[in-house]
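The structures come next, written out as structure tokens.
What follows is subunit A paired twice: with subunit B in the first complex and subunit C in the second.
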Partner chain A sequence: MTREEVCLPFISACSSIFDQLLDIKLSQKNPHLQDISEDRPDWELCSLIEIRNLEDLSYGYISLNLKNSSADKIARKMIGRPIGTISQELVFDTLGELANIIVGNAKKDFEDSPLKISTPMLISGQKIRLHNPAKIHRVTIIPFEFIEAGELDFFDLSISLDLKYFV
Partner chain B sequence: MKNVLICDDSQWMRGLIRNELNKYAQEGKNHTVMEACNGKEALELLNRDRFDIAFLDWTMPLIDGLEVLKRLRLSSKHLDLKIVMITALSGKSDVMQALKEGVDDYITKPINSRQASARFKEALIDVGFVSQGSVL
Partner chain C sequence: MRHVEKVFLNLMYSGLYNTELDEEAKSRVLFLNLSILIAGFTLTFMAIQSLFLANFNFGAGLQSIDIIMAAVSFGAAFLMVFLLIYLRRNKNRVFISYFMSIALLLFCLVMIYLGSYRNTGYEWIAAYPIMSAMLLGWRGLFLTVILLVASLVMTIFGIGVATADFTTMRLGTIFGVAGVVLAFSIGFELSVSASIRKIKHINQKLQQSNTLNRLIKENGDSVCLIDASLVIQAEYSQSLETLIGDQDLGGKNLIGLFAKHTEDNFELEDFEQYLSLFFQERTKDRQLENLNDYHQVKLYPIQNLPSSKKVIDLNFKRIHYQDTILILCFFKDISEQIRLEQRLTQERLVDDQKLKDLLKIVHLVKRNPVEIEEFLTETETSIDEINLNLKSGKKSNNRKILLDSFVIIHDIKSTAAYVLNIDSITQKFHDLEEEISTVLKLNTDADIESTQLRKTIYSLGDCYEEIQSIRGTLADIFSVSTDGFGGNVFALNLESLVTRLNQKLSMAVRLDLSNLDSANIPKAYKKAVKQSLVQLIRNSFAHGFESAEQRMALAKSEYGQISISSQSSDGKFRIVYRDDGQGLDVDKIRQVALSKPNFAKMDVKDLSDKQLQTLILYSGFSTSESADFNSGRGLGMSIVSRNIKANSGAININSVRGQYCQFALSFPA
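Now for the complex of A and B:
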């Protein structure tokens, strides 16, 4: 299975769920490989998904990464109330459900594959960096941009797959 | 009087389903809506009170929605209960598995699509929560 074949369902699910649920059109920028040690934006909210091939030993991770400011905007849009009136717990709950819906939609494209895809796990904090979760040195970064309330916002999908098996 | 149970571990999703119900709630007709945030809580409520319809998420802590469905369908007490799965799992094999276990309908999240709204309304018509001629 290729790296691209693993990534595409997640990219497609992100685009369609943002459009359908949030009425936000995502603009996908050029994917690129990045050394794990290179500087990246200081993400504050990550939704981590484990991918495991049941037929061999391959595994990897996909994470959907956001800054708190973007997370707040998305949550506000989903809940339909100003962010100051929403508890942090509800923001996490809402974004967790968003990640869950994206992964659930992506999963249907893996029905006939041996890949097992986990339920997403939400991680919050300051300057989150996922250090080499699949024992590889480079991750594929797929940046997205979107306009919300007239402001340009962004997030990315980072894909780290074991290169021995995912070509 | 119609009794509805919403079971989902996401507070946001429970609110969304409740809003959908409120859209269809008929003036002058009483209904109660109860919420559970996991399968264990749902089973406790379903075994304690009588419900006409239950909206069940699949992926939940403690007891998942499929297991709740299996247990309900094994019990003669819940023969008349309409069970609708509302879940992010949209694969054919997931739908088939839920149907095999006796789910009445299966709605894929997000629930704001035209298709999901129509299925939602259909389920509410079936239990008499909404009248057939409702414009919404």
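Now for the complex of A and C:
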């Protein structure tokens, strides 16, 4: 299985869910590599999706990473409350739900595949570093930018796939 | 089985009866046993009647011996009926049954002896064969009758019973009853034997059928039976439907199904011919096995859909069933096994290739350690630069980035292929080159979208991982070696880089490593230090040094000087890099920072010279007006910064305009 076959459903799901559910048009920036040890201060909320192939035990993950401020904006848009404060808990819940919808949408493309896609797991904190089970030195980053409430904002997908199995 | 039913079934065979027979057989046995019971109760009735008629001498007055005899006879008759049922319900009591039968015979003979007086023993002896049959079953009767006749003769002539009592009528009664019972027993036995033969036949069929069903249902493979016209029988594994991709297989022709679900080049006629051999008795099973060429048949459960392909191992067994020959077909899905074998072979090939490459690299390291180390470092740096260019790139300049990258990648590939002869690296960079080439060809005029660069990035990642893999293996090998990638190689590598840059840029720079104890650089920092020093050297060549004429005019040495030193103190490990070039131009740095919107929030005007100097560590910051792939994109120093921060280190910049520029890299010890 190619990495593009694994990643494309998630990338497409992000674009279509943001567009249809949140009315936010995503713009994809140039992909790049990122050293696994590199700190990312802008990763304050990560939604981790595990990918396992039960046939050959290959493993990987795709993570949707963003800042708290971006998560706040997306959550407000999603629950339709642009003004006023919303609790951090509600932001997490909303982002968790959004990640669920994205994964659910992407999963349609894996129906006949031996790949098992986990439900997303939300992680919050400062300078999040994700475990590297695929034993690679650099993860692939697919950055997205969008304009919400008149401000330019960002999030990205980080992809770590076992290169021995995903060509 | 209910208890009463079991008792009745066991009656006939003295407890040896097979209780697993089918309902038809059971009903036969029950009927026969019922007839024994009826006979038993008839006997009891006859015994009572005979006692009353013979012993009670109506009108002559009742004697005490008559009462005793009546009581004994009456009790014995009933006891016999119920005792025999008790005895025969369990096979362990067969011996007791025979013992009882002999005891009964002796009792009858005693009764004859006593009956000669009262004439009652003859009725008993006449009834004995029936009672014996009840005890032993009809099979035991042959022995019983022989025993009876022998005993009777011995009793009459041995003991000396009055022969006058043995009238023809009485002897006729005794032997008549014995004869009838014997005849009945023979007829009964014949009937039972016929029933048993039939039951055994039915049983055999059932067992065969059960075996087949069990084989079909419990076998891990998918199984079916086909007859001489190669039609699948009604009983087959349900999993076969999934495997072949057809429903209701019973009654369908196997060849017809294969015509639908195999590849076009599958030789159906050969297959049919092979199967027909199973129906020729003269063909031996071993020959058939040897001729089986169908251990990897490709089946397509969904027609014309290559992805549904399954590889099946077909095996056949000839069986004789109900006077006909059938073929038991085993379908085993070995798709996964084949896939794993193929991948194993592929991985083995890759591993072999890697091993070959590794041996070449080890040879290169032995021959010229600088060359391979320099190549790996240069390649890493190039990948970093391409990556950073792409990261900061936009749709409008993606084409230029790819074109520039293409040249670099081609250069690396050529070096890997023709100079170093390392196939794995050559292949990875060739793939990357092809990927970039494809993207460039797809968009000859238009801007290249970010979405089109994903495969390029995957491929770039592969190249980086390949380099890291080689580095890791070399580190493993030479960590136990005394002459491998040690400190000396580290120094040689830097010297080589300076030499190469001097040649490439026609400059004259000398490298002073006299205070660098490269062997003592902590292993954890070696990579970061090496990459950082490479970038600093490249940076000095690109921005630091004046031309030879300028240096002469400034009363400096004609030769530029780079000195690198190391020291460990205060719990820290430090590397100090210094060049005697023109130093950092803080005015220019301020000017550039002011022109860049990224630095607008920093309030650049108010920054001190020291603070301004640190701006060169930001990605994309460069004072150079034009950029080529050696310098000008502001990437080199950001690589240094990233390397140091990744190791929790710090950079201190100290520069005096026109005199020197110094970078102190410190790491926790």
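FYI, the second predicted complex is superposed on the first by the 157 of 167 C-alpha atoms of A that agree within 3 Å, B and C clash if a C-alpha of one lies under 4 Å from a C-alpha of the other, contacts with A are read in each partner's own complex, and residues count from 1 in each chain.
Criterion: a residue touches a chain if its C-beta (ideal position, glycine included) is under 8 Å from a C-beta of that chain, and two chains touch if they have at least 3 such contacts.
Given the structure is predicted, the values throughout are model-derived calculations rather than measurements.
Peer 1: On the A-aligned overlay, A:Asp19 touches which partner chain: subunit B = first, subunit C = second, or both, or neither?
Peer 2: neither
Peer 1: Output check: A:Ile101 vs subunit B and subunit C. Expected answer is one of first, second, both, neither. What do you get?
Peer 2: In the superposition, A:Ile101 touches subunit B alone.
Peer 1: Of the partners subunit B and subunit C, which touch A:Asp56 in the superposed model: first, second, both, neither?
Peer 2: Touch status of A:Asp56: second partner only.
Peer 1: Contact-wise, after the overlay, does A:Asp93 reach subunit B, subunit C, both or neither (first, second, both, neither)?
Peer 2: In the superposition, A:Asp93 touches subunit B alone.
Peer 1: Touching A:Asp39, do we find subunit B (first), subunit C (second), both, or neither?
Peer 2: A:Asp39 contacts subunit C only, not subunit B.
Peer 1: Touching subunit B in the complex: which residues of subunit A?
Peer 2: 17, 20-21, 78-79, 89-90, 93-94, 96-97, 100-101, 103-105, 107-108, 111, 119
Peer 1: Give the list of subunit C residues in touch with subunit A in this complex.
Peer 2: Interface residues on the subunit C side: 307, 336, 340, 343, 347, 383, 387-388, 390-391, 393-394, 398, 449-451, 453-455, 457-458, 460-462, 464-465, 468, 642, 645-646.
Peer 1: Could you pull out which subunit B residues touch subunit A in their complex?
Peer 2: Against subunit A, the touching part of subunit B is residues 10-13, 15, 59, 87-93, 108-110, 112-113.
Peer 1: For subunit A, which residues are in contact with subunit C within the complex?
Peer 2: 3-4, 7, 28-33, 35, 37-39, 55-56, 112, 136-138, 140, 142, 163-164
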